[in-house]
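Each structure below appears as structure tokens.
In what comes next, subunit A is part of two complexes: it sits with subunit B in the first one and with subunit C in the second one.
And now, the complex of A and B:
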């Protein structure tokens, strides 16, 4: 092949750009637009992606009073009351109409039953109204694909940490394989439930408020450290710290800030350990943190220290993509749709349990 | 409303209920029967929902039928469409189980109707 000179390449690109601009819009858009619906926990989001570009990503959060968690029925009721508004917002912000959408993606699972059904019902209805194919997406894979898109990490060890999930995942031969996970509750669940015990606000999220309080903690309270090989356990730590909170706060042995600080240090160290173990197994030089708990800057800092020691790179996203959102479902849906997946309406049932490795990842080698 | 009769006679009460404030479907016919079958002693509940078109009734059916009942036992639910009417039939062992399922279904049905109103009419096939 004859070697091209730089100005020759630039010239060809310029000609191509002019030709593209002169094409009518309909010919230019051989692009794929996917709309994604997410509502497996207390966030309801609708996002639109066009060939890797986030066109819109509005979201609402169901926030309960301090000391209370969110229950499935009430969460579903919240989602029902706002979902159509959020859907319209997504279309308006993207400047698109129904006919511009190529595929309707929604969260098939895992998550809370009632909210999942609410969102699936709307997704099915608009897919039929607009005559577009439907695609059921795994929520965890949504997080992973969004993380990959935003950070451009090539083949990272993924730490997926949220209120509902705690998994260490690596891609291998057409599956997102779970290398380590919690054997009981998610790390975010541990943090959220502790926040209820000390009755701090759930606005914008209990984890965020624990993080702010932890910055003011000065005393380290020793808590159980429960790494089990490749896995972790948090329910023991939760019972211990709930008990410690009652005892120590009433006798002023420590402040709530000290407890927040100690809890974070303990659970985050555990997560860094199991991530490092998975990296050692895979020979990986990249770490990607996804999920709501991934917003936590202290976790990112601690992971960063470990990565630096190993000469690895750390990737994380900001809270618009870490926290559950519609665009992540749209992005995973985009990958799946472009590689030929579609969900038949009769198969579009939601499921509360849906393992990350159940999905065949046909869009990667 | 459900009427309970000791002697196993058939009671039927028709109720008209406003379901949506928007134009399309204003009222829903509900027929609630309690019948004591010799063998089953199950409660039955029938619901008929008229839609403006056959297409919209079919869309509602496809949106509402895929998910299984959260509760494994003690309740069955069957959906069907004839013309532009969606009909639903429940059988349940206990009234409280029936109440939860019907109540959930009506919330979901409401949501489908609001979605049809806001984002319809369906595109031509």
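And now, the complex of A and C:
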């Protein structure tokens, strides 16, 4: 079932016009080059991977004023306005032409509808124009494959934490199985919404600013801690702290920095706990943190302490790869393409809900 | 009381004499001797990655909840280890040692491996469903239901199989069908991810639960809702 979004047709025509200009001479190459398009939330990125080498990875972020979140329609509008520029940058930085690309990968889901469609349209158009096969990639798997590529972790327990997702994943028998997850909202969503309540700037991201403020916090405010088996829950702590923010800040019982500090200490402890449980369950000795919230150095620090106590290794990437980016889609696309996957045009729809364990991971044993 | 004070002072010495049998994510488990009996000592050690206040509050809460839930279960006739002693400074619980037992996890694994006596597993599923129904009717939420947290004590025949619930560290008291549904959901996920191809066995477990519990319809309804939640949640970012 395919929804039509406004301006789709006009936009397609516009792309055709611009992309026509990118046709050029061919360069002989025996290696596999995949271009990846990502725009499931407020970041729009295009990245190019050649056999495990990141050739380019430009990105733009749609940033809203403090106190506001990003809405699907406006996010899509932002992506439309910059995607072709970013595409051109990706090709220029990689020093490649359209003919050098072997496969066009894009985010099939999960994510927000309108932005996903915007990006999918460009990917489809470009694939058809350049005569290259198309590949719809699962966003979560993009994060995992990029994490594996960059860190060279062999078989880690993966903590995937972002604004839209919070999952503990382990690979087993051709699936990335979800061992634990949030039963309501993602941890990044909890942090972002809290940032709105205390009107923290969304530039470069609310989570980053919470992290900086938390460093200055000194007083620990007791907050609800909710772990249920291997799962976590954040909606309780969010409503509690939203309430506490109004009460305590107005009576100067604590500073916003104290709240940021307390929130981080609590939610990150919950995440480390469920990761540790999964590790104990699977007998794993490696942890890989991926997703935007994975940039947070305090989270990395806490996870590092837990790993050290167990004699396990921690792997994490920097913000160019933690935060949504095109190259991660290209990398997952590369793995899929090399193991024979292709997405037919008729199957190249997008979906807002796409479970990590729905994909058959044929590129690993 | 003088006696418990002297025991409290020497809890660390009990640990030194004891033999550590497991280091889990949450606690170290020892086997030792206490007042002439074989005991399991569960020591919740400080987790260094947590802020000390978070750690202290959480550890104390978990120790208290564990003991309270075990006692509540026992009073209702559900099999759980006897609590001999609790020390809140070192966060140690001295529990009855359930000897001659295997975890349900190991039992299912070996039963599946040897492929004999499927009826045995059916009876087990019935028993688990029954026991959980009893527990939920007491409004005890286990919080960490897995097949590693259920022990099977070898009896004369399968009819007399004794199921003992352990590891109540994440437990709490609640009458809400939502919480009971989530409790079963946690078990379902743990069950199916640990024991492949056991969907029908788990179905039987739920049937037995439904038949044994007085409050089951609302709980099963919530379980269905929670199952869908994972699928229907919008995943952005």
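Assorted remarks:
The definition used in the following text is that the second predicted complex is superposed on the first by the 337 of 365 C-alpha atoms of A that agree within 3 Å, B and C clash if a C-alpha of one lies under 4 Å from a C-alpha of the other, contacts with A are read in each partner's own complex, and residues count from 1 in each chain.
The definition used in the following text is that a contact is a pair of C-beta atoms (placed from the backbone, for glycine too) under 8 Å apart; a residue touches a chain by one contact, two chains touch by 3 or more.
Just so it is clear, the model here is predicted, and its values are computed rather than measured.
Contacts of A:305 after superposition on the shared chain: subunit C is touched, whereas subunit B is not.
Of the two partner chains placed by the overlay, neither subunit B nor subunit C lies in contact with A:242.
Which of subunit B and subunit C touches more residues of subunit A is settled by the count: it is C. Contact with neither subunit B nor subunit C is seen for A:74 once the two complexes are overlaid on the shared chain.
Residue contacts after overlaying the shared chain place A:88 against subunit B, while subunit C stays out of touching range. Legend: residue contacts after superposition of the two complexes on their common chain; A:228 is shown touching subunit C, with no touch to subunit B. Touch criterion not met for A:100: it reaches neither subunit B nor subunit C.
In the superposed pair of complexes, A:220 makes contact with subunit C only, with no contact to subunit B.
Shared contact residues of subunit A with subunit B and subunit C: none. Subunit A meets subunit B in the complex at residues 76-77, 80, 83-84, 87-88, 98-99, 113-114, 117-118, 120-122, 124-126, 128-131, 345-350.
Against subunit C, the residues of subunit A that register as touching in their complex are 40-42, 109-112, 139-140, 162-165, 177-179, 181, 183-184, 186, 188-189, 220, 222, 225, 227-231, 265-266, 269, 272-273, 276-277, 279-281, 291-292, 302-306, 309, 324, 352-355. Against subunit A, in their complex, subunit B makes its touches with residues 59-60, 62-68, 70, 104, 107-108, 110-112, 114-116, 118-123, 125.
Contact residues of subunit C toward subunit A in the complex are 24-25, 47-51, 53-55, 57-58, 143-146, 170, 182, 186, 189-190, 193-194, 226, 229-237.
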